[in-house]
Every structure is written in C-alpha cells, then in structure tokens.
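I've put the structures underneath this note.
The following pair of complexes shares a single chain, subunit A, combined with subunit B in the former and subunit C in the latter.
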Partner chain A sequence: MTLELILLSAGKALFMVMFGMNLAVIMTWADRRQGAMINDRVGPNRAVIWLPKRVAQALVLAPAVLIAAAVVGYVVTHKVEGAPRLGRALLFSQLAIFGLWATLLAIAGRVARSGVKNSFDAWVASIGDPRSFLWLGLGAHAVTLAAAGLLRGTDIGRTLRDVGASAGPAVFAAAVVGGAGYAAWSFERVERVGLRLFGLLHPAADGLKTIWKEDFIPPNADKFLHGLAPIVSFFPALVVLAVVPFGDTLCFGSKAGRIDLTQVMRVVPREGLCTEGAVPLQVLDVNVGLLYFFAVAGTGIVGAALAGWASDNKFSLLGGVRAASQMVSYEVTLGLTLVGAMMVYGTLRVDEMVRWQSQNTWGIFVQPLAFVLFFTASVAESKRIPFDLPEGESELVAGYFTEYAGMKFAMFYFSEYVAVVAGSVLLSVLFLGGWHLPFIDRSGIHLQIGDTVLFHQTLSHVAVIVIGVLAFIGKVVALCWLNLMIRWTLPRFRYDQLMRLSWRKLLPASLVNILVTGLVMLLIAGASASVQAGLKVAADVTQLVIAVAGLSLGVWFVVFVTSPVKKKRILASTAAQFAAHLGGTRTARMGA
Partner chain B sequence: MAININGPLGPKKVSGKAIARPTRSLAVQSYVPEIAKGLGITMKHFFVNTKETALGQRNDPVLESIDDGINCISYPEQRRPYPARFRGLHRLTHRPDGSPRCVACLCCSTACPAQCIHIEAGEYPEGDPRRGYERYPKRFVIDELRCVFCGFCVEACPCDAIRMDSGMHAAPYDSRDQFIFERERLLSFSGRDGTFETANPRKEPGEPGHPGVDRTKHH
Partner chain C sequence: MEPLDRDLDETEIELAAEPMLINVGPSHPAMHGTVRVVMELSGETIERCDVQVGYLHRGFEKMCERGTWTQVYPYVDRCNYVSPMLNNVGFSLACEKMLGIEVPERCQWYRMILGELARLSDHLTCDGAMAMELGAFTPFLWMVKARELVWDVMEEETGARLTHSFGRVGGMAAPPTPGFKEHVRAVVDQIRHVMDEVKRLLLGNRIFLDRLEGVGVISVDDAVSLGWTGPALRAAGVPYDVRKSYPYLKYGEVDFDVPVGSASDCYDRFMVRIEEMEQSARIIDQCLERMPDEGPINADDPRVVLPPKDEVYTTIEGTIRHFKIVMEGLKLPAGEVYSFTEGGNGELGFYLVSDGSGTPWRVRIRPPCFYVTGGLERVITGQMVADVVPCFGSLNMIGGECDR
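Now for the complex of A and B:
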C-alpha cells in the first residue's frame, strides 16, 4: 500500500460521503423551493448574505482571471505537434465558441430583462433577440467540427489548426474575463450585492440553527437509546454508498513499482482492464457488494424502532412500530426484486453488474418489471410521501421522532434524504448503467451496431473516466428529482393499503419476475447462434434508443427554454387598470 | 317529475334515464395511468415556473394575474399598486411655510367614529395676524390601531388639512405605541405625488384672493 493508494482511498471515501451529504442538502432545498414552484409559488429564497461591492467584484473577477491565466499559461508552456495539436485546436476552438456565445447570451438576456444601461448594452440590444446568439453559437460549433473533418490533411486545414490552437485559448480566456468583467462592472451601480445562491442559503441557515436549538430529552426516556437512535438511523443510510462504484476503473501507469499519475492522459484499449496501477472507483471493493448493501441498509430499521421505543411517548411508539413493520415488509420486496437482476448479471459485485450493462444493455431493458418494483419499494424504504405513515402528522404528531428536537431531529430528517440518495444510487447502478453512457467505452466514442462500426473517436483515459463519473452523478440527480416529483404529486396511503401493496402486489410480482427471468434465461441459453446474434444487435439498438432519447431530451430542453413566453394581459380589475395606467407593477428580479 | 300526491301509497315507479355505473377498469384500479397523469401535471408546473423564474419572465402579478404560472407578489421588491383613491395612512398637509394647514377646529375628531384622533388646540401668540382668527394644533395624535380607515375625517375637514392619500399602509411595528402617530410624524408623510401641500391653494387672511374677511373685517 503506497502513499498514493492511501491518499486515493481517502479521496474516494471523501468524494462519496460529500456526494451523498451534499445531494441530500440540495434535495432539502429542492423539496422546499421546487415544491413551491410546483404549487405556483416562489419558495424560500430570502436568506441572503450582503456582500460589499468590492468584495462581490473580486469574487466574480478572481476565478475568471485565474481560469484564463491557467489556460493561457498551460498552452504557452506545453507545446504540442501533430495529432495532439489538432486535438488541442479542436478543444480550444469549441471552448472559445462556447465561451463567446454563452457570455453574449447571458449579457443579452440580462439586457432584455432589466433594460439598456450603457452603450454596450445598446449594441447588444440592437442585434435583436437574445436567442440569435444561441443559434449563431450552435452553428459555429457545427461549422468548426465539419471543417475539422473535411479539411484534415490539407494546407488550409493545417493553417486553421494553427489558428485554432493559438487563438482558441486566447479567445476563450478573453470571453471568460470579459463576461466576469461585465458582471463586475454592472455591480458598480449598486451599494452591495445580495448573495442568495437560488435560495440555497436557506437549508444552510436551517442546518446551522438546529445545532443551537435545545436538545430536549423526555424525563422518563431511555437517555442512552434516545441519543443512539438518530445515529443508528443516519449511519447506515450513508455507509451503504461505500460499495457503489461511481466510475470505471481508473488505470494509472506503473513506474518502478509506484503509481505514475501522469499516465492517465493516454488512450487505453477498449477491452479488458489494466493489470497494474488499477484503481477501482469505489470505496469498498468487496465481492458480496449487494449483500453488504442490504445488510447495512436493513439496520436502518432499528434506528426508527429504537427512537419510537426510547421516547416514552405513545405516538412515538406507534410511529416506531409502523416504521419497523413497513420497512421490513418492503425490504423483502426490495431483496426479491433484485434476485432477477442478480440472475441476469451473474454476480453480486456492483461494479461487475455495471460492466455487464456496459457490454450488453442497461438493466431497465432486461428487468423492466424489477425496475418499477424496486423503485416503488425504495421510495417506501425512505419513509417519505406517499409512504410516510411512520410520521403521519395528522394522526401521530410526528411519529417516531415526535420527541426529538434540534440536531437529533435534523439527523432523522437528513437520513431520509440520504436514504433517497442511496436508493437512487443503487437504482442507477443496477438498472440505468451506472457510469456507462451509450457508445462510450474505455477507448473513447465507439458507435457500433452489431458488427458494423459507424463511428470511432478515441478519447484520453481521464476524459472517459470523467464523463463516466458525470453520467453517474446525472443519473442519480435525475432519479432524486423523480423522487421529489412523486413526493409532490401523490397523497398518502392508508396503512392497510400500504401493507396490501407490499405483500399482495409487489411481493407476488417480484416472485413472478424471478420465474419469468429464469425461463427466459433458459430459453436464451438453448437458442441458436443466430438468435444470440440477433439479441446482441437488439442490445445495441437499445443503446441507440437511449442515445436518441437523451439527444431528443436535450433538443426539447433547448427548444423549451428558448420558446417565447406568451402572457395574457387582462385588465380585469380596477387595480389592474390602475397598474397598467402607471406602467405596470413595479417589478424587481428576486435573485432567481 | 311531478308526484301524484293523491295516488296510492307504496313504492312509486321512478322514470328517468338510466346511467351506467362506471366500470373500474384495470387501468383505473392499478392507479398507474392516473399517477403518470399527475406526475405530468407536476412536471409541467415545475419546468414552466422554474424557466420563467430563472429567465425573469414571471407573470406580472396584477396585469397577468389570470395567466398560469407564479402570480405571487414578492413583497417588498414587488408591490401591488394601490388604486388612486386608496385610503392609506393619514397625513397632515402643509402650508407653503411648512406649518400644518390644520386650524384645530376638531371637526375630524368629532366626526371620527373610532375616536382615534386627539387634538390639543393652541392659540397663536399676541400680535400674530391669525390670533383670534384660527388656532393651530399643539398636539395632533392619531392612533392608527383604532382607526377604521373610513375617511370621515377627510370628509369633515374644512381646510383640506388631513388627507389619507399617503399611499402607505401601516407596517407591522414591534409594539402598540409605535402605531400612535404624533403631529410631526403625520406632517412628514407626503402625498403620492411627493408633495406636502395640496392642489387647492390656501390664502392667508389679507392675501389677495382670500375668500373670507380678515381681522379688520374688510373683504
């Protein structure tokens, strides 16, 4: 165990803990803020830190100047020739174009919103619709990419390459500094700048508040167990994240028996894993991964039951009993649902499961029923709406944490969110391919249907790994978001309905899922070679479906955001007529 | 359907259109389509409202109040404009020299149904041309918590000295005595046009255009 390996292990653990906790905090925020948005309200965003003008300007300018200096400095000190030079030219020309249009779009949007304030604003406004910057920018991206493909090898191509490699970084740096400079300059007109961070300061303030609140323990409560329960509830929810891989195995080269960190810049082969210097991106690399998950997640039940029992309160006790029976019931479904997935993947190691999915197809296509069942059961496991019977404030005050206040209450509350994150993490690695994105393998972008390769572009190892980690984070965030949507849509079950759903619907369905999975696997194992090849093509088609669906979602998003808003102005009341006479309601943008 | 009250007792034959009992199909019983529909509505609100808030395209809470979307007023950054005749906090109007127009006639405090106006009248010093002609308010106190904002004081005032056109409503202060507005406080509010005087001019006795008689009983 070298020092590098110890540091890497600590870094991985830190990443996973920070990922889980921060996502839980952001979900706490989103539950309030986006929940309000869904109800046509603005939500809490009044928590604010007022920054003096100069401090705000420095905060905006300093990172921009640092980024610009780092980019220019790196390019000046590291000269490259040949193929890497083309790569650099492409990367920086794309970055420069992106920086330019994004900066101009942001400024144009600001001008359109809050009016022309100087001659630069007037020039921006004279160009017309802010959307034109977006379309121009996307067009420029496409043109440069097409030029790079068409003109490769010609003299013009080489000239363009040199222009891109030298001017690209400069333009990018200028765009970054220019955008930040415009923002800093616009602060000149105000005394102070309010830092609201989209209302993110609210959960931070709430978290700080709980630390100083009174730590109330009921007089006849079991003081030890009362204090232990929040820890028992919170700890497992966080620790289950240890077996989940958040990225593909990282391959460092090995130099004289030690890890060589600089070797991640090269391209690695498509198949197989590196033999030396391999660092799996998961905290705990055990071969019983999924069993560990269930063993540890199961102890979370004890926390709620302990809290209910130790509080010396009948509401708490009822809540604790409800929590225990509910979680035990759904734990059964949770486990049985995954038997089908284990049969298909043929392993208990979570990273091997993701690898199977990246080589074949995502789990949601081979186990669609299991995905739905597991999602339902994992929502129930987190004890949140529509399954929040253990809290049931209409009948049980606050259920098993009735007698908790301050930080102990916050730990219960927080462990629910961490449980949602843990459920989403497991769902994404088991059914949504974890770090895998369609047509991206260890060597780069590789578009292949059946045996025909349509497109291939190598990417450096570190780029592939980073894309994978980002894909994993994106999937988890999307699933957490879906959890929030469910919380804000569905009403609460009745307790007998909850139990009936578990024992009479989900459990038989998961047993049927195991049976059908076994039958299909037997059929496939006995099928002819042509059927096997057809299945392989079908698997590739599913990847294509995912890719097309993802791209269409992106296109839909751009169209949705850029589509103009039509408002119906109706002067229905005397107040409205009066407001229109005065030129509208005095509006001020609320720091988003 | 008319009921024959003279007919025999017993079960009556009911005529009408039979409506089929709604069947609970599998889709309804499984709740899945309905859950999907509900999620769709939630997501629509989420996306539209988040986009409009992020891009600063939120509804104008008054002019577009009938539209879908967020119609909240983010007070105090946004304020609903009050109608022109909105009766807000009282103000005492000024003479050109900045003194109150009020002549302490007590008409307003007499008219006040809530009895929230207290005036202590004072005489002008000896030699002042206004002495014996009119008085001035030594104290002019309005308890804004007792006030019912009926506007009778404004109607009663013969001198256009008290008005409710400040356009302000009472802010939530910390204690009750902060709602007791003294003379100087009432004088410090301007009208909604920002002026402290009123549109109809006041002519002091002796000035040209003064409608009444002065102390020397000359017009």
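Now for the complex of A and C:
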C-alpha cells in the first residue's frame, strides 16, 4: 500500500466519521429546537463563545477570501476550451446567481430583523419583500439555462459563454466576499461578537459537560460489562458508514502505476471507469458490502442488551430484554427486505448498487415496498419513537441506560442519533441513488429519454464529483429530517404490538416482496426487446420525475423558509399589552 | 447417538420462572403525583399489583381547623392544582349553603366561566399528559400552550396563575376586569382551534388508538361500587354529572350535553374529556352571553362580606366590620353540611362541620380521584407494563387532591 492510498483512506474515514458525528450533533440540536418551536421558546442557544471584534471579522472574512481566491485562481490557472468551457460557464454563472441572491436574501432578512443601519440597508429595505431577491434569482437561473440551451452554437451564444466563463467566477467570488464583508462590517458597531452557530454550540457544550459528570456504576453491577456496553453500542453505528460510497469514483492521473494526487482528470467519458488512478469514495471497498453492514449493525444489539443486564436494575433488565428482542426481530426484516434489492442490483457491493441506480433508475421505483419496509425497520433499529420501547421513558424510567450517567449515558444517547444517520445513509444509498442525481453522469449533464438526447453538457470531473457528494449529503439530511418529524409525530408502540408489526406484517410483506421481485425479474428477462426498450424509457421518465419533483421541492423549501412567520397572539391581558407596548421581547416581537 | 436429554420431559428442563417484583414509584416518570405501585410481573404482564397512595399527604384537612373559614381557600387551591378554581367555587358554595345565602347573579355567571376555564385547563393537562406519556410529545406541547392561555385569563382576573385563592364566602375577591369577556372569547376560540389540531394529529393515528382501545377496561358495576365519578365514570356509560343531575349556580339554565362512553376503556376516558372540553366551551359561550356587565359581585350580607375599603377608612362601622371578619373570621352557624360540585375529576364534595365559632370544626374534602385511584389496581391487573401509563393517565390522579 502506497503512502497516497493510506493518506486517502485516512481522509475518507475522517470525512465519514465527521459527517456522521456532526450530523448527529446537528440532529440533537434540531430535536430540541423542534420542541422549542412548538412551545414558542427560543430553544438551545445559550452556549456562546465571545470573540473580540477583530477576530470575528477575520474569521468571517478569511474563509470567504480563501474561497474566492481559490475559485478565481483555479479558473485562471486551468484554462479550458470547447465543450468543457461551456460547462464551466454554466456552472459558474449558476453559482454566481445563487451566491448573489442567497447573500442578498440573508442581508434582507437581517435588515428586516434589526433595522436599517446604512444606505445599503436602506436600498435593500426599499425592495420591500425580501423574497423578491429569491424570485429574481430563480428567474435568472431559468433564463441562463434557457439561453444556454437555445443559443448553443450561435455567435451570441459563444460570446455569452465567454462572458459566463470569465465573469461567473468573478461574480461568485465577489458575492462571497461581499456577503462576508457585510457581516464583518456590521461587527464594527459592537465590541465583541458571540459565536453561537444558530445554537449549535449548545449540544456541543452539553456533550462536553458530560465528560466531567460523575461516572456512576451501581454497587452490584458488573463493572466491566457496564463499561463495555456503551462502547459496543456506539461503535457499530459509526463503523457501518465505512462501506457506504459518498461519491462517484474519483479519477486521478497516474504516474508509473502510482496515483498522482496532484493531477485530477479534467473530463471523463460517460461510460466506463478509469483504470489507473481510480479512487473510490468509500472507506472500505469490500465485495461483501451489505453483509458487512448486517454483521456490524447486528453487533449494536449486544450493547443495549449488555447494558440492561449489567446494570443490576429491573428496569434496565426489562429495557435490555426489550432491546434485544426488538432489534433481533427487525434485523430479520431488514435483511429480508434487502434480498429483493440485491436480486435487482445483482450485487452485494454498495458502490455497484449505486452505479446500477445511476444507470437505470432509483431503487425506490424498482423496490417501493422494500423502501417502506426498510425505512420502518431502520427507524426501529435506531430505537427512537415510535420504537423507543427499550428506553420506554414513561414506564421504564430510561430503560436499558437507567443506570448510566455522564459520558457513558451520552454515548448511548449519541449512538441513537448516529444510528439514525447510519440508517438514513443506507436508505439513501440503497433506494435513493446515493450520490446520483438525475441526468448527471460522469461526463456532465446528460438529458436523455430513451434514445433521444435532449441536452448534453460536459462538466469537469471535479464538478461532477462535488455535485455527487453534495447530493448524497442532501439526501441524508432530508431523511434525517424525516426521522425527526416521525419522532415528533408518532406515539410509541406497546411491546406486543411492536412484535406483531414485525413478525406478522413486515416479515410476510418482505417475503412477498422477494417473491414478486423474482417473478417480475423472470418476466422481464423473458420479455421482448421492445418491452425492454420501453422499460428503459420508463426508467428515464422516472428520472425526469425525480428531477422535476426535486427542483420544485427545493424551491418550495426556500420559499417556506423565507416566508414571514405569522404568530397569533392574544393581547388581552395586562401583561401581554404591556409587553406589546414595549415592542415585545427580542425573541418574540409582539404587535409589530 | 442418543440425545442426552432423553429422560427429561419438557416440564423438568424449564427454568425456574418466579414472577418479577417491580416497584414503580413513588418517584417514577409515570407516577405523576406520588403514588407507588408494586407489580408482580410475568414477562411484561402484570399478574398482581398493589397501589399505595398517601405519599403526598400533607394534612390539609387538619390544617384547615386552625384558621378562619376564609383561610381554607389556599388549602383547597392546593388540592387539585390543575383546576384550583373549581375547588374555590366548590368550597364557597359549601359555606354559602351553610349560611343560606346566594351570591348575586353576576357572580354566579362569573364563577361558572372561571370554573369551566379551570375544567378546560384540567382536561387539557390530563389528555395532553396522556398523549405525552405515550410518546406523542407535540400534542402535549400544543395543549399546554392552550392551557397557558387559560392561565393568562386567571392571572389577569386573580393575579395568580396557579394558586388563585380567589373565591370568597359570599362572592369573589374581585369583580371581573373590564376586558374579561373579550379575553375569554379569544382564549376559547384559540383552544377550540388547538383541540381541532390535536384531534387531527391523534385520532387518526393507528398507534395511538391501538394503545388506548380496549385497554384498562372496568365494568360499570365495579366503577359504581368503587365510587367513581366524573369523566372516568361517564366513560363507563353512566351519565352522572353533578352539573346536570343536581344543578348548582346557573347550570340548570345553560344548554350542554353530558358525553358518555360505552367501552369504559382508556380511549373512552380520553374522548370523554375531549368532548367535555367542547361542552365547557359551549357553556362559557352561553355564560358570556348572559353575564351582566354591571351589578354587584358580592352578596349583600355584612356578616361575611368585607365592607368596601373607603367605608373601612371613613366609618367606624366599616372599620369594626372589617376588623371582626378579618380577626375573628366570619362565623358560619353551628351545624354541618355536605355540598358537592362537579370538579375536574368528578364529584368534589365538601363536608363542613361548624361549631359557630370563626374556626372550622371539621373540613372533610371528598376528592374524586381518591376513589378513582382505588380502581387502578383492578384496571391494570392483567394488562402489560406499558399499559399502566395510559390507564393511570386516563384516571387523572392528582396527588394533592388524592392524598390531601
């Protein structure tokens, strides 16, 4: 193993661990934030690091300047001609437009919250509804895309392409630096700046706090197993992530059989993978893939069961037994559900499963039932509401971790969230195409229905890979959010109902799924060529559906987030009228 | 080779399976208020159980015997602390029954509105907590937010959010505030809105229904013989509501229904409370309509009602009257009385014995949930451990009231 490969592996492992743990922390925050929102409270935001003004300004400006310099530097040093040039023009013009409207929207939001401070603020405020920036930006996105499609090959098109390729990066860099500059400049008025990261420091501080808490071990507990259980519970949830590819295979140049990390391929062809210098974005590239997942995920059960047994507490014991039986039951469903997927994809390798989906269609369309079953089972595996019987806070106090305090408790608590992330990662890779986005393949944007190519645009290899990684992260975040919503919506099962759901409903359904999958595969294999071509077109249509649905969801999300909050308050009591007369509090503006 | 266990039959190799004895409470998340349940479990099923109350006994009834009749109010406040106003009104009515006086019409409507608001707060808390303990946190937060609105009204009217001590023998401590009616209308509207959301979220939810339906069933005979009253009894199908059966205040003049259940399970108890909230809102609407904006709040009876402050400071008669009522306490005639009203959990009775001095001889409170909690053992035996949560929640045992 060469040094490059070791470095790469370490980097990939670091990425995956940081991704899983950070997302888990963010989910902890989001969970608490959700409760606060329903209750009209501010939520966890008290943890703060006070920075001197200059330091804060440097912290804001430095990354922005670095990003801008990197972008401009890359564009200046890496000149491209022909089709990739158009790709660069498109990419950077879109990025520039996005950067502009996102920055302006953020500034407008700030102006709306804390008032006009200067002439620029006054101009922003004069626009009126901050969302005009959003509409303008979306319009600009559409116009540039349409222009790229319509004016292709004409002289105007070429001119526009050159403008986009050179001005795009500049505008993007300017937007980033401008936004950061605005923030840095607004710090001028204050002495010190509180770094809160929307309250994200709060769960971090809570996590740190647990290290200094008393590590209580019940007198009659098995001390070794009591200490081992949180590790056994935490470790597998994280290690599962190793087999998951978080991006398409990255192609480097190669020199004398060794990977040359300084040279990334400019553009790669649509079909086939690079032979030398290929770096799969996956920590552990094993051919048993999914089996590894089952083996490791199954170990997590032991942690909860051990904790329940070793605590010398009847509540813990009940919780541990519940955990063991629940997770074993759902493990069966989890495994059988994926048999259908394995049959369709014809492989156990997770990266090849994603590749199959990128070439055909997402797994959710070929295995819809399996998707639902797997999702249910993965929620059950994470031991969260509605499946949090092992914890069962209202009847079993805290279930299997009743007797845990301090960091050991935090590890159990945290491993639940990491399990949610792991489940979401698996779900996105197996059924939602992993890093794949519709109509983006290894060479760039490629819009093809059946045999008709509607649009093709070459993008640089790095851009394609980055888009893939971002898509993967986006899908996982969306699924984590869905998990969060489930936790805040559903009550919990009773033990017998839970078992009934697993053995009488999910398990038979997954068996039926295998049967139906097999039959359909036989039918398709024996079908005529025209039917198979039709299926190919259908697959492409599903991609189109995903693309349209994804884009509209994205737009809806931004509109939803930016829409003004309307809170109905009853201003009848003296106290409320008094508060409203003063303009409300900083966090709850009344009557305004 | 022959199997090793050829001589053993099934029963012999079975492991010794003694039932697990588990102690739930008095300090346990499911045991709000402090009650202790010792359960004998076979697997997850409760074979036998022993419910032990009394951990919150503070000797209120005895403490009542050392002050004046008016000084009892803070104690009744702290009995059912989720609907203290109902206790205030109930105790006032008992004293007034003994005195043979009746408060003015405006005060009667006022008491009804405040009482029904307190009932809303009680049922919101009970149903919300029940949902929360089953894991549905969002409805609980919504309902507690709605309860907050009720408390805003209470704060505006009485100056206190929880322990109002607002009732007085022969009236109330203060007349309604000028914006009272608008405030209550806005609050009731908002509560109706919240309840619609909660119903949408919970009643279409299979998991929630499965947890409640057919769980914690008690027979009508058992319920009656245990002395159950209130929503728990009505869920068993007995339409006994003091407001309807023995109307007091102006309940005879307002139009409302008594919701009853049929299966007598947790679901029925949950739904009876949901429906009663709707009925309470109806009653409040009618009361607001009919409550006069002008008129006295306190009865015109110098024996029990404090004189107006300006009279106290300007006339010797006023000063003496004020002094005597405050220092000696108002004097209820010697004798005894039992007066009962519909509290949050059922029939809330006050049995008062007076010896004619200014101090109560005996104040006996009949707390509805003491009798209801008496049925807990019967309700949960044979159920699973997790069922204790909705069963106990739906009985709405309030520690302060049960143990006093």
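Rule of thumb we're sticking to: the second predicted complex is superposed on the first by the 439 of 592 C-alpha atoms of A that agree within 3 Å, B and C clash if a C-alpha of one lies under 4 Å from a C-alpha of the other, contacts with A are read in each partner's own complex, and residues count from 1 in each chain.
As a working rule, a residue touches a chain if its C-beta (ideal position, glycine included) is under 8 Å from a C-beta of that chain, and two chains touch if they have at least 3 such contacts.
Computed from a predicted structure; not experimentally measured.
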After superposition on the shared chain, which partner residues are touched by A:W488: those of subunit B (first), subunit C (second), both, or neither? both
Touching A:V565, do we find subunit B (first), subunit C (second), both, or neither? first
Considering only touches as defined above, state whether A:G392 meets subunit B (first), subunit C (second), both or neither. second
Between subunit B and subunit C, whom does A:A580 touch in the aligned arrangement: first, second, both, or neither? first
Applying the document's definition of touch, where does A:K79 land relative to subunit B and subunit C: first, second, both, or neither? neither
Based on the superposed arrangement, let me know which partner A:V42 touches: subunit B (first), subunit C (second), both, or neither? first
Between subunit B (first) and subunit C (second), which, if any, makes contact with A:G109: first, second, both or neither? first
Could you look at A:R189 and tell me whether it touches subunit B, subunit C, both or neither (first, second, both, neither)? neither
By the touch definition above, which subunit A residues appear in both interfaces, subunit B in one complex and subunit C in the other? 38-40, 488-490, 568, 570, 572-576
In the complex, go through subunit A and note every residue touching subunit B. 34, 37-42, 109, 113-114, 485-486, 488-490, 560-561, 565, 567-576, 578-580, 582, 584-590, 592
Would you mind writing out the residues of subunit A in touch with subunit C in their complex? 35, 38-40, 314-315, 318, 385-386, 388-389, 392-397, 488-497, 568, 570, 572-576
In the complex, subunit B residues that touch subunit A: 35, 38-39, 41-43, 45-47, 49-57, 59-74, 77-84
The residues of subunit C that touch subunit A in their complex are 20, 22, 24, 28-30, 44, 131-138, 141-142, 144-145, 149, 152-153, 155-156, 179, 182-183, 186-187, 190, 201-202, 205, 207-208, 210-211, 384-389
